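Look at the two complexes coming up: chain A is in both, with chain B in one and chain C in the other.
So, the complex of A and B:
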């Protein structure tokens, strides 16, 4: 049995779980390539045009593997935390994909409520049944998948750079180098280190979020807001860069919440969409880094004109 | 002793020649028309006809076409437009605190405090509210862009036009035209819409305090200046060389860099006579399939652009891009 796992959306974060679970069930795993021009083009072709870029790209990933596998996994992630949801587009993801891409194979579209192990296991039971009838095997695969996920550390924290920025945004924008045009490498080249949200403890994020007048409805808002505001106060960084997909409804709220706290603190928003011309992105990053350099010179009381 | 600044933008390519004291002794404004190489060559031809044999000590390139320009001319400084604009404005007046710059496809706000850039913002992915849009509408109304501003001043009232999106603005304009509003009222409405869009979008959350410099090609439009002043409630200053500020800024940066490193990479004014050919191809090296552009000068390859991995663009030794502040 060939199981197709598209490398889009939260695959970048949860691939250890998905990969382990299905391979423990003796399925052959087919993953798509890293995002590339063809995947982007296919995604734009099949997806409804109002959707955001990451959703379009997910369509492209599915389309690139649909003919190579028997079942495609479309993770309909609804919840990662209690009383929070992740994004309305994730809820309708399977419907969008199945109705827009022709000749789709079977798909696993069971909703994922990952607020605790028991609830997530419900998904595993349904998903596992499509491949194996052995309940014990599914349970074992699930436990091993949980362990694999638990032992897997994501996140970036560069050392040894003089200037550092907190890189915030939805994980698939941060970890997809095609979408963000290698922003991390570009920053490193300009002499700027990067730190991501995985390096702020959950407790700290929780504390920041508590100071909001209302608990955020979306987990992305919680994480991005909590991390950004906390990083600004605690981590030894010089500025914040937020990568946001054009058209993202959640970010339209998140960014305003962050701006309310950053005030004069250097904060750059990079909007990503289908563009592949890099001049616009380069200009913004370079100008931002110039600004950080000059600011840090002034803060150290050295003349800005050398 | 002269310094040259080249700003290759989406709409115009600007060249300035500065003397030792940073006075502008020559400025050349050309339409890029999507062909940056031709525009640069035309500019150099003009420079050569007037200043053949002068000693140019430093050259800088800026604008969205700065990489290509740098490859062609051998620039000492390759700097983004924001820094270049800020440097040029500070050279004109140390007290400038806000720069409003509207160019062909970019609009920017630069906040300066105590002589350094402390914040900036640019338009996001869309070119609504920039020079290209005004250009396009002028063309549609069959009014030369140079007279656009004057038309706006003739109107006693302004027609409200949606300013968020260029496409919506255009359909709004067409509807208003069909209702019989005259050109000048519509143009004034358009200026107001752009200003509204600018202040609510790019200028959002930014403290716009005097002294404000208004620069970039759109600053030539008196209608836009008026609309801004009405919205802000105070006067804006348009520097003498408002449409050359990027080029001036980068010439100054180039001068500083050459003073530190001691020599220039400048290839000379003869560039106009060279034959440049660009060719693009899809790299098949990996699944990224980058569109790579190759530039040749008189049959020898001088540069590659567009690859993500550096396989092509690192092939030729390009002088360090990391520049001094």
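So, the complex of A and C:
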């Protein structure tokens, strides 16, 4: 049996789990290519206009593998942490895909509540049933997949650079080099190192979030807000870069919350959408780096406004 | 303490009845207008949805009239509305206003004690007995139910009326008179009166008007300013409309939520297309579209603010329903830039389409 796994959205973070789980069940795994122009165009063609870029790209990934496999895995990730959600569009992702892309094969659309191992196993049993009837095999595959996920570490922390920035944003924007146009390599070329949220302890994020009036109910808001605010205070960095997709409802809130704390600390928001021109992005990054350099040259960082 | 609250449809009448009954000072923000939206868009973050901007306009206009406490219902669903309170507190603080925010959240999220403490902030300002307080809450709910009923029947009769414009003028007079009432009892009597009046509108029963359902995001369908008075426009065209999302529906739904007995018909009808609650009112939107189709409606109009996350999901499902059931559905996206002329053109074109479908020999054969 051929299982198709689209390389969109949170695949960048949870691929060891998905890959191991299905390959242990003796399924042949078909993944889509890394995001490219063709996938983006397909996504834009099928997806509803108002959706954000990552959702459109996910549509593209599904459409590129739909004819090559028997079952497509559409991870409907609802919760990663207790009392927190990902995004309404994640909850309705399978419906969006299945109703918009014609001639879809069967799909695994069981909701994923990854708040603890037992709940996640519920997903695994339903998903595994479509491939294998052997319960022990599913259990074993699940355990191996969990181990593979635990041993997998993501995150970037560059050493040996004079200037450093905290790179924040949703994981699929940071790790998809087509979407962000290789922003990490561009920064490195300009002599700027990058730190991502995985290098701030969970406890620190928790502390920052506690200072808010209301506990955020989105995991991305919690992580991005906690990380940027904490990094600004504690890590040895010179500025913050936030990659956000145009029309992202969650970022419209997160960025406001961060802005309230950063005040006049260097903070660059890079908006990406399906039209983003590379030259404009380059200019903005270069200008930001220029500013950081100049700031570090001025002895005591006093702003010209006094 | 002078309490204020954001506008949402006719909710201000219920709030007026409640605070009159409690004997608490309050300020009703001026009716939503271009001015409120202008103030709101000036201070709000660019990418936030339309309700946020209108609400900020309401607050600032009310503050100018002397309000110092704001009541806002909250939620902890995956939709952005739950984060409004956090951002609005921050924004108004930055603008230099010294305000008290009372956020009414569900007890499952903040604890029953905290909810009680917050509610007590309001009720401690009232020197009425506990019985009177309870009575004023029930009166407020009654006012809300009555005005929703009047509105629903007027919208329904608009297609049948003999004297064109009668329905609309009854509704407008009703709202105007209700605002001049001094006590909850007076308001209830008045609304009862108007309810009786709606039963005596002279109707042409032989007419078979177009029937359109208004579905979509709850704030934009309930607040006429946000949807550019679509229901009034449709009344002028002699179209009967129906809208299921009303403040009284919301109260009933929220009260029944813990028992899971809320909106069973919607859950049932939306099962095929969207089986989970994904936040906001996306599921209700899908369920209603399916329900009204089987109820002999001619079409449905979905309205939502630009960037509304749950409604984007339902917008992508609606074409499938439309195709499966041969049922026209139009989606309208509103934001602070929506122009009236373009909007009306689309509504007119949609009505033309529905009328022409009726003349088609194959219609509902």
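Here is the rule we use: the second predicted complex is superposed on the first by the 297 of 306 C-alpha atoms of A that agree within 3 Å, B and C clash if a C-alpha of one lies under 4 Å from a C-alpha of the other, contacts with A are read in each partner's own complex, and residues count from 1 in each chain.
Note that in this section a contact is a pair of C-beta atoms (placed from the backbone, for glycine too) under 8 Å apart; a residue touches a chain by one contact, two chains touch by 3 or more.
This structure is a prediction, so every number in the text was calculated from the model and none was measured.
Engineer: Mind checking chain B and chain C on superposed chain A, clash or fit?
Structural biologist: In the superposition, chain B and chain C stay clear of each other.
Engineer: Counting only touches as set out at the top, which of chain B and chain C does A:255 meet: first, second, both, neither?
Structural biologist: After superposition on chain A, A:255 lies in contact with chain C alone.
Engineer: Could you look at A:89 and tell me whether it touches chain B, chain C, both or neither (first, second, both, neither)?
Structural biologist: Second partner only, chain C.
Engineer: Is A:233 in contact with chain B, with chain C, with both, or with neither (first, second, both, neither)?
Structural biologist: Neither partner.
Engineer: Looking at A:286, would you say it contacts chain B, chain C, both, or neither? Reply first, second, both or neither.
Structural biologist: first
Engineer: A:150 contacts which: chain B (first), chain C (second), both, neither?
Structural biologist: neither
Engineer: Between chain B and chain C, whom does A:38 touch in the aligned arrangement: first, second, both, or neither?
Structural biologist: Once the two structures are laid over each other on A, A:38 reaches chain B alone.
Engineer: According to the stated criteria, A:266 is in contact with first (chain B), second (chain C), both, or neither; which is it?
Structural biologist: Touch partner of A:266: chain B, not chain C.
Engineer: Give me, in Å and rounded to a whole number, the least C-alpha distance separating chain B from chain C in the superposition.
Structural biologist: The answer for the closest chain B-chain C C-alpha pair is 5 Å.
Engineer: Over in the complex, which chain B residues touch chain A? Could you list them?
Structural biologist: Residue list for chain B touching chain A: 64-65, 67, 79-83, 106, 114-120, 122, 124-125, 205, 256, 260, 286-291, 308, 322, 324-325.
Engineer: Quick check on the complex: what are the chain A residues that touch chain C?
Structural biologist: Those residues of chain A that touch chain C are 47-48, 50-51, 76, 78, 83, 85-89, 91-92, 95-96, 99-100, 111, 212-214, 216-218, 221, 247-253, 255-257, 260.
Engineer: Under the definition above, what is the set of chain C residues touching chain A in their complex?
Structural biologist: 45-49, 74, 76-80, 82-83, 85-87, 89-90, 94, 103, 105, 109, 273-274, 276, 278-280, 282, 306-310, 312-317, 319-320, 333
Engineer: Would you pull the chain A residues touching chain B in the complex into a rising list?
Structural biologist: The contact residues of chain A facing chain B are 33-34, 36-38, 177-178, 181-182, 189-191, 246, 259, 264, 266, 269, 271, 273, 275-276, 279-280, 282-284, 286-288, 290-291, 293-295, 297-298, 304-306.
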